[in-house]
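Two complexes come next, and they have one chain in common, chain A, joined by chain B in the first and chain C in the second.
Moving on, here comes the complex of A and B:
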């Protein structure tokens, strides 16, 4: 039997078709629960794919995604919150911005760009840190950003959180974004840029010895990851209509790491598959939790899955590889 | 003007003087053997010359530029690439990908080109692939191109490292014990490759223990002992010097005794 192997172009059309069917079917179902779940799952896919680029391609160990999501989310909400209620909810907002209302796709891009800019500023300081030092630094970043969000209550309403954020994140918007993020990361991985990043991951000093600027590539991967995280963070409050400083925190950072470890650090398809399965799994477990009253089972099971993979199959499902797709 | 000029180069590791005031030069088109007993400082010299380690004092000049404080990547882009004594391949990548990564610095590095497939991107990618395929052919690795680097034999892995170093279009190639762990047949092929590269005008410096190979291959020798320069000069002259025999071949003489 011949092994299934699509060309990248065929895989792209398959992805577009699958996404189209999923979005249309879920929209047509008219079921709000399915719609929200699908939206959250697709955002998880984007987050996982971008983290597998930042961490998996270059060998860095950043936990910073939730920090950049928080930044992106609050910046985007500044532009999408109903103008009439901004004076009440965000009294510190300058009049100029208070008058502006942007459609979500634009606001989310602004949020993503802001997160990317912050990623560049922070990345210049931290990406030279090796492995767990970077993990600790980015862990700290999550806390710092949450504290800022909590205390900048003139913009964020602090711990009370913002409610009534317009549910403008349509499934179509999220579906298209997901395809774009996957294509972006795929193109990078299979270009010279991606090979150079992988070289840095495999052996940084050897890579530098034939002219690869490791620092620059790490910054590139970190900033792109931060930008995509910021964009995803901007979409989420427009799915669930609320946002608080604690929305994106340590547990999310941990879950994302679990997803990319299970998928295989550096495998885009692995990240997609793992994100879908872990989203489905934790959602069904959540229902079990609610019916049995035993809360926290989901987190335990995700953690156990992570530990089992690290013990039995440390390279995850696919390692660096992209299964089912022919690559040179 | 020499292509590589090392002056008064010293390297301390804590209290250990790994190199002290070493001077030597390499002329364009030369094929120089860097020899000396274990612990003489040969690999340290390579590391300091290529920027893997910072010099404690002294300097390195490459093609008229003082590169003493340059990063390894900057030196590599000026045309200085190397292999490693303990092979450092990218094991999760195929042989071709390893060599293509070696050519990365020669491509346009624009992120936007890559993401949006702007004009020139495809051509640049094809150029890198062509460079890699030429280097694979040159080093006799074409048939192994799609294999994972980790699956290869020791000797083949050494050759992949050379192909990868060549892909960066160096004008000076530093080979750290390229024949270590090779079979005699592989050593013969390696010698042929090295001398043909040199005939094409590439300057080569190699660290090697095998005296027969060095005598057959190199034009000049630089001898280190305990971190100091013992002597340098034409191969037959240097190998005839009694002090070289004592330090470098000393072990063998005691064996005879």
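Moving on, here comes the complex of A and C:
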């Protein structure tokens, strides 16, 4: 096939150029709505790509991303919330932390590391579970984390939520992170680590017979996914300036699954494209929702569209493939 | 025994029964097609709203309402099977899983659109809200009725599965769908039946749930559905007695957690339930009554 085929290096430069143009153009437009939307869309891309690794490469079915996002978000906010107001909003915070103010990139990394650590602790318990069980256990994890966020109101203000979080998440920061996450997942997929993950996905027992430590690989994928989710979760409140225990829940988990299923459960390019289009689609549906006052339509349409899409293309857009880019 | 203890036991029995009613459906469906129906919990919500509508319409005699709710639940369960499952039969498990998740999201949001997001209050008529003195405790009549009806349903269903021709066919399909088909069993019709039966029981649970807690909303089915699935896992997926036992174990431990620990912990009740699940899965991955599935190459 003599079709468009870039080398990975060319593809990388194309990605960087496209991201640069997007960020600069949106930044230059000065339109707050566009800026917020682009930020949310790019975070969706990061989440989708990381979930493509956790679920797509290894064949696990985790719904736990929103749980790790909530963890990352609350941990990061502890360090970025205006110091003067911490005493009022987070009375339980130890004096040491209450005095610290970290810049967002550092705080988000701390949040991501915390989520990764929790992912490691939880993953050791759950990754050996089969499909349904893992899905339910991680769905349960969302509820457990929400329960804690709701009850630890000395740190989170409970159900009232935190408001006035500084909007420090610049488009440049989000754009750079997105490129890094895509490159990281791409490198993993095409290195021995990713090949081993794909082997586990296709046939776990056969992979183990080749000496692949399936348990360790799944943990690795789970922890990396949790870390990236935590990082993304940490960025989001700094885009929209509010955070509550229910910010990231079942609906988000479902939308992320919809994105990676459409993308092809293993294709990074597919996940990126699906994330962009589903973000655009649900945003325009949301505007319809607001103008007509019929809330819930978006989710119904996404759900029905997903079922129909699966009927037509059971393997998603690209399956495992990365079209337009030479991979071997 | 103190009044408090009796009260807590009755609470545990009644909550456990509700979980068991929903869990039976999960287990039946999983037994036959090896698929978890995520939309199952939403049938509880559908049952609750049917009860609400029937009570509000004031046109149906009281005795007929549970029967109508059962029939409606059967139809709703069957409809989910026809619309969502029939079209994807033969697809990989993960596809089926995603389809049920989509169905659940669609049902919840359709309910939000057509029924509104405000929780509604409604109460059973005075007769059904009677309280009985048992051993010094003051027990709500409904908390006695729920376990009694659940027991009847469980017995009836077990007999149906053990004794009748259709029940034997269901077990045959659960054992080996291919061989069952060769024996002339129509799998499609059985799957429909199983979805319907599960739906009927879940809708009945919805009726009880609304009567017990007096408040309903379009998203009410999600958490009980999830917990009923935990009950199924605890008991061993695919085993009917396991599902029932799992429901009661979950109901009792939840009530014990809330009833016997200092009140500041009661906010963590849902976290506790999922912790319990993970603990049980660690010790017995196949559940208490399930048979371990051998992994073969």
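Just so we're on the same page, the second predicted complex is superposed on the first by the 326 of 328 C-alpha atoms of A that agree within 3 Å, B and C clash if a C-alpha of one lies under 4 Å from a C-alpha of the other, contacts with A are read in each partner's own complex, and residues count from 1 in each chain.
Here, contacts are C-beta pairs under 8 Å (C-beta built on N, C-alpha and C of every residue); 3 or more make two chains touch, one makes a residue touch a chain.
Please read all numbers here as calculations on a predicted model, not as lab measurements.
Participant: In the overlaid three-chain picture, which partner chain does A:206 touch, first (chain B) or second (chain C), both, or neither?
Facilitator: Both partners, chain B and chain C.
Participant: When the two structures are overlaid on chain A, which partner does A:320 contact: first (chain B), second (chain C), both, or neither?
Facilitator: A:320 sits against chain B, while chain C stays out of touch.
Participant: Compare chain B and chain C by how many residues of chain A each one touches, and report the one with more.
Facilitator: C
Participant: For A:109, select first, second, both or neither according to whether it touches chain B, chain C, the two together, or no partner.
Facilitator: Once the two structures are laid over each other on A, A:109 reaches no partner at all.
Participant: Just to be sure I read the superposition right, which of the two partners does A:143 touch: chain B = first, chain C = second, or both, or neither?
Facilitator: A:143: touches chain C, not chain B.
Participant: State whether A:188 touches chain B only (first), chain C only (second), both chains, or neither.
Facilitator: First partner only, chain B.
Participant: Under the stated touch criterion, which partner chain does A:214 make contact with: chain B (first), chain C (second), both, or neither?
Facilitator: first
Participant: Figure out whether A:198 sits in contact with chain B (first) or chain C (second), or with both, or with neither.
Facilitator: It touches chain B, and chain C stays clear.
Participant: Identify the partner contact of A:176: answer first if only chain B is touched, second if only chain C is, both if each is, neither if none is.
Facilitator: neither
Participant: With the touch criterion stated at the top, can you tell me which chain A residues are shared between the chain B interface and the chain C interface?
Facilitator: On chain A, the residues that contact chain B in one structure and chain C in the other are 205-206, 209.
Participant: Which positions of chain C touch chain A when the two form their complex?
Facilitator: These residues of chain C touch chain A: 36, 84, 87-88, 91-95, 97-99, 101-103, 105-106, 108-110, 112-113, 117, 222-223, 226, 229-230, 233, 237, 267-271, 273-275, 277-278, 281-282, 285, 295-297.
Participant: Where on chain A is chain B touching in the complex?
Facilitator: 184, 187-188, 191-193, 195-196, 198-199, 202-203, 205-214, 220, 224, 266, 319-320, 328
Participant: Of all residues in chain A, which touch chain C in the complex?
Facilitator: My answer: residues 61, 125-126, 128-129, 131-133, 135-137, 139-141, 143-144, 147-148, 150-151, 205-206, 209, 250-251, 254, 257-258, 261, 265, 294-300, 302-304, 306-307, 310-311, 314.
Participant: Would you mind writing out the residues of chain B in touch with chain A in their complex?
Facilitator: 50-52, 71-73, 76-77, 81-82, 84, 88-93, 96-98, 100-107, 109, 111, 114-115, 117, 121, 124-125, 128, 164-165, 167-168
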